[in-house]
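Both complexes shown next keep chain A, but they swap its partner, so chain B is in the first and chain C is in the second.
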Partner chain A sequence: MNAAQVLNGLALGSLLMVLSSGLAMIYGLRGVANFAHGALYMSGAYIAYSVSDRMGFGLAIIVVPLALAVIGVVLELAFFRPLQHRSHIELGLITFGLALIAERLVILIWGEKTLRVRPPEFLQGTSTIFGVEYPSYRLAIIVIALVMAAALILWLRLSNVGLHIRAASQDIETAAIMGINVDKVSLIVVSLGSALAGLAGTLAAPYIALDPGMGNAFLITVLIVVVVGGIGSIAGAMIAGMGLGLIQTLSTVWSPSFAVLVPYLALTIVLLWRPTGLAGKRIS
Partner chain B sequence: MTTTAPADDITGDMVEPATVKRGRPGRMLIGLGVGIAVLLVGLAVPYVVTDTYRMSLLLDATILSMLALGIGFMARHLGMISLGHGAFFGTAAYAVGVAITNWGWSPLNAVIFAILLGSALALVMGVLVVRASGFGFLMLTLALSQALYQLSVQISAREWTGAYDGKLITYEPDMTFLGLTQADLINPGLFWPFAWSALVVSGIVLWVVGRSKFGTTLEGIRENEERMRFSGYNTFLPRLIAFVLSGSVASLGGALFAMNAGYISPQILGFTQAGDSLIAALIGGFGIILGPVIGTFLFVYAQANFNFGGNLHLLTGLLLIVVLVFMPGGITGTLQKVYRRIRGKDRQVSDERGRSGRDIASDRADASELRAENEQ
Partner chain C sequence: MKRQLIAAVAALALGATTAACGSASTNSGSDGDSDTIKIALIPPTSGALAQFGTDAVKGWKTAARIANDNGGIDGKKVELIIKGTDADPATTLRVAKEAVTKDGAQFIGAVMTSPEHAALNAQLEGLGALSFNSLGKDDALVGEQCSKYGFHIVQTSSMDINGLADNINELPGEKWAIMAVDYATGHSAAKKFKAAAEAAGKDVVMEQFAPLNTTDFGSYITKLKDSGADAVFAVEYGADGVAFVQQADQFNLDDQLKTVLGFNMVSEPLFETLGDSIAGYYNNVGYDVDADNALNQEFVKAYTEDNGSAPYYVPADNYLAAETLFAGIEEAGSTDPAEVADALQDLSLDSITGEVTLRGADNQLLRDSYLGEVVKADGGLKFKILSDANPDVTTPEPDSACKK
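After this line comes the complex of A and B, so read on.
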């Protein structure tokens, strides 16, 4: 085990962290496990491919989250809000249908070929850190993700909107009675969650190859992260995401066959030991 | 509109009607009679459908229906939506392959072994997952079945499962399965009686179990698990038994699938297969035992006829959304609703006499219809 492997783990953990914090936010507020989150992430990566092809990667990292935020608004207005009185499972299965559609649309637009995105010029080389040569772009992923995570936590803790989001996540009915505009809060959360998925997709695009199965492959891991972290807990999801990324990468060095099972083992162990997840909100 | 927050369980609309009229042995006998009649009529299908391709589609749908039947049982009686029943289907299929190819077992023993192994897996998985409800259950079943998929495609599992190459089942030419040679097994017309009988018998068993006292206990748990627990019922064991039972039906399907196909692709355990069978069951509707079966037949038909350029998932995704948003009971649920509305109108005109048990039952259904309308 050397520093490069630890950094690889941090890079994977960073992606999981960004992705799962968005999923956890939506889950906490709407009570719906968004099965379309993997599809949002994938769409983000593909849009990033097209944008960076024409206007450069620097712009993609701003444009893509904005585009995904718009998709999030549509999702909220077309599905989450009108159907909020339906059971959560039904709504979850609707997002499952959306994911199927999105996956097919991505293939129709971009094709089934594996695509590659080049990172910006100044991040293409390697940097020396902890005595190892390490790709600069992966360092950038780690830095961006950590900054984003810190900003998100601070925003939730310190801002008024953050207070409303936390209140509504705790108990959406009581929050509404207390005069919080739950619809507005939900709109912010769903569009922000989608934007985060877009950001994760953009960050991942130059790091991994783009193929239409990338969403599903990640979705299951991210769902596991959210359950392990404690459903609805954003900090729990972030910690679980980073932890899982590290453990999985490091165990790959030891045994690749074992590494693919790590998320499932983690899920089973955590749920047997602490059925409510690490951060302890009830799973139901 | 109700003021309570929506629960994580599926709404009554999805499983309506649960208004089973128990304590009437007559109805049970009628049901059994209908089941046996369906079984006998179905056996004649290969004589009517002579086209091999159509016949193989019908056979595929019949075998996959057993998977959907298992999923439907959990959804109807416990309100638990499973994405993991493909694991039992797939495990049983692989078990047949391994027992015949690697161990040289006779096909019949291999099938029995496969069903037992699939059920044992359901028992182990059930202990881990049935305490969860709603999304917890959905995600746990998904995660554990995907873990199995990951295991099956490992290089180290190649000897058993063939990893990504899949598993080709080969056996001695003189071995037969209930009188069928390997060449006969692949012939859909000759294999049909086994698959059809297995499906109808499984359906009847699940139907009888659903109407028994045990079925009532399950529905009590579905409606309010906490209250059942406080009333002195063990709520864990019934859920576990139901899970294992539905898993056994899926295993039976998987074992027959392997016998007929002679080849097992790792996709059988994959996410897409799990999603497809759940979608098929949902579109058919969970309200009656036939719902998931009808859904599966439609799905297989659509897969064969509307898969323009691989766009099947575009259509199923759309259809899933349409069904969930506009007709939560699936196709069969909507038909029932229409039927009940027509019959309800007739009754209002013709008689206003005393309320029999049946009226109370349909009143309950009407009330839930009202609720559905109010909610819109």
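After this line comes the complex of A and C, so read on.
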């Protein structure tokens, strides 16, 4: 096993980490299995394609998460909040429908052709690290994901809003009784979770090929990451995402056919070993 | 709550992996000879193949327009009945049955995938309609899945790979790696290429197969680099092919390689997406847009007028299907599907790809295959045809499993 393969695992794990942390946040607070999360990620990648084409990738990495945060606000105000007393299955199905609508909209706007986004010029080509030449853009993904993870955990642990989010995620009704504005907390969480999906889509755009089915391809893996990490635990999802990326990549080196099964095996083993997931229900 | 999420994960995974089952039909809908030639087009209208479906219809539309402008075929007007499918064999069968029994279609075209054609071939005689396959390349369609009423216009995978293998000596590189998609076409192409490479004295240093819909080729490309290969034979399609090319570029894989030979990996619709990084790549080419014959030039001119861009293999192969059907109708002097099927047996015709013959033993159209190199031209990319392999070289003997 060489260092390049470990870096491949870290790069995939970084992408899963960013994507799954947004889903874990929304699930932890709203209790909604947001099947539209893959569609948000896919939409983020397509918006990044247009923004980077016109204004450069550097701006896309800022603009796209902001745009997705706005979509998250709409999701919260139009669906999650009015429907919060409906069953979780109903709400899950609604998000599934929204995902289908988003996929169709993307096809209408960008067409069905597979698209490609180029990394910024200074990240094209390779850099030497640990004695191996490795794509600079993938190294950047790893760095951005780790910085994002650290910033998110610190914010949740050290800020008042973070405290309120953690409290509401433990027990939303008790948090409301204690005077926490849970509507405001929920709005922040859903918009931030959507922004993280947008960030993941933007990072993924030069990494993989863009096609309207790209969200579905990742959604199952990311849902598995959230369950393995521990429902609602952002730190758990981050650890599970990075771990799964590493294990899946390294098993691909050994047997690509077997590697396809890795997420499902990981889900089975972790649930048998720790039914609450790696971290249990904690918000950070 | 956790149970609900786990159930949802399981349901999604099941939904993503469950294949649809085909349905059977024994209805006979065609009513023999008629004054209108009704052709049902059933392309995919959603999903990753939709663009190819749209372009397939464009080929048929140009063919119908030219035919009708010239007074029809054998005095009969050509009418296209445009349907749609999600490329699921069951859906395609249902739509085909509807087109034949309700709309009176005698002929079917623009069906896309090999599984759809396999399902359709099994039902064609019962439906009483002829199908013209311009897109599904599976060899089994002219083998155990062949039909007296199913006509294979496109080259099979074997014909394509034999065309490439015939030219391997001309390509730079002594140490070859094989990177293929992990399903039947990938494995059969890899096996045939490996045999041809070894026969040509080349060394095949590694073979690896990536599951369909692979998004991250990082570990595969790292292994390719570590293998010391100086040439790669790549069998990756659609989004997988784009991801492989894009990531190979990021890993600077091309610096190590003298040759990248694609099998159905790069084609004209992807040129803009893939960009200059594929200049110098080699690939099999099914249709030569620059072919110097009058019928091709007429087609290219008409298609460009209709659509604002030159044709590539998808519209061209569908146009060729129309040419074949029209030749069969003229030979039969009838639009009755059974009579047209008989007339097409071993029929030779002049076409946009030169003279072609429909081999009666398995209904395979015998036509040339090409090796092309992607070159920069007119501010974009195009295929430069390097060699032309004729069907005597590329086409296997008829499969004895084909019982028409």
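Keep this in mind: the second predicted complex is superposed on the first by the 281 of 284 C-alpha atoms of A that agree within 3 Å, B and C clash if a C-alpha of one lies under 4 Å from a C-alpha of the other, contacts with A are read in each partner's own complex, and residues count from 1 in each chain.
Throughout what follows, contacts are C-beta pairs under 8 Å (C-beta built on N, C-alpha and C of every residue); 3 or more make two chains touch, one makes a residue touch a chain.
The structure presented is a predicted model; accordingly, all values stated were derived computationally and were not measured.
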Touched chain A residues, chain B compared with chain C: C
Touching partner for A:Thr268 - first (chain B), second (chain C), both, neither: first
Which superposed partner A:Leu98 touches (first chain B, second chain C, both, neither): first
Partner chain in contact with A:Ile208 - chain B first, chain C second, else both or neither: second
Touching partner for A:Val74 - first (chain B), second (chain C), both, neither: neither
Which of chain B and chain C A:Thr249 touches, first, second, both or neither: second
Contacts of A:Leu163 with chain B and chain C, given as first, second, both or neither: neither
Touched partner set for A:Met55, first chain B, second chain C, both or neither: neither
Partner chain(s) touched by A:Arg138 [first = chain B, second = chain C, both, neither]: second
First (chain B), second (chain C), both or neither touched by A:Ile172: first
Residues of chain A contacting chain B in one complex and chain C in the other: 31, 33, 88-89, 92, 107, 216, 220, 223-224, 227, 231, 257, 260, 264, 267, 271, 275
Of chain B, residues touching chain A in the complex: 1-3, 5-11, 14, 81, 128, 131-136, 138-140, 142-144, 146-147, 150-151, 154-156, 271-272, 275, 278-279, 282, 310-311, 313-314, 316-321, 324-325, 328, 375
Residue numbers on chain A that touch chain C, as the complex places them: 2, 4-5, 8, 11-12, 27, 31, 33, 35, 88-89, 92, 107, 111-116, 118-119, 124-126, 133, 135, 137-138, 206-209, 211-214, 216-220, 223-224, 226-227, 231, 249-250, 252-253, 256-257, 260, 264, 267, 271, 275-276
Complex contacts: residues of chain A adjacent to chain B: 31, 33, 83-90, 92-94, 96-101, 103-105, 107-108, 172-173, 216, 220, 223-224, 227, 231, 257, 260-261, 263-265, 267-268, 271-272, 275, 283-284
Chain C - residues contacting chain A, complex: 1-2, 4-6, 8-9, 12-13, 16, 46-48, 50-51, 182, 208-211, 213-216, 218-220, 222-223, 225-226, 238-240, 242-243, 246-247, 250-252, 269-270, 273-275
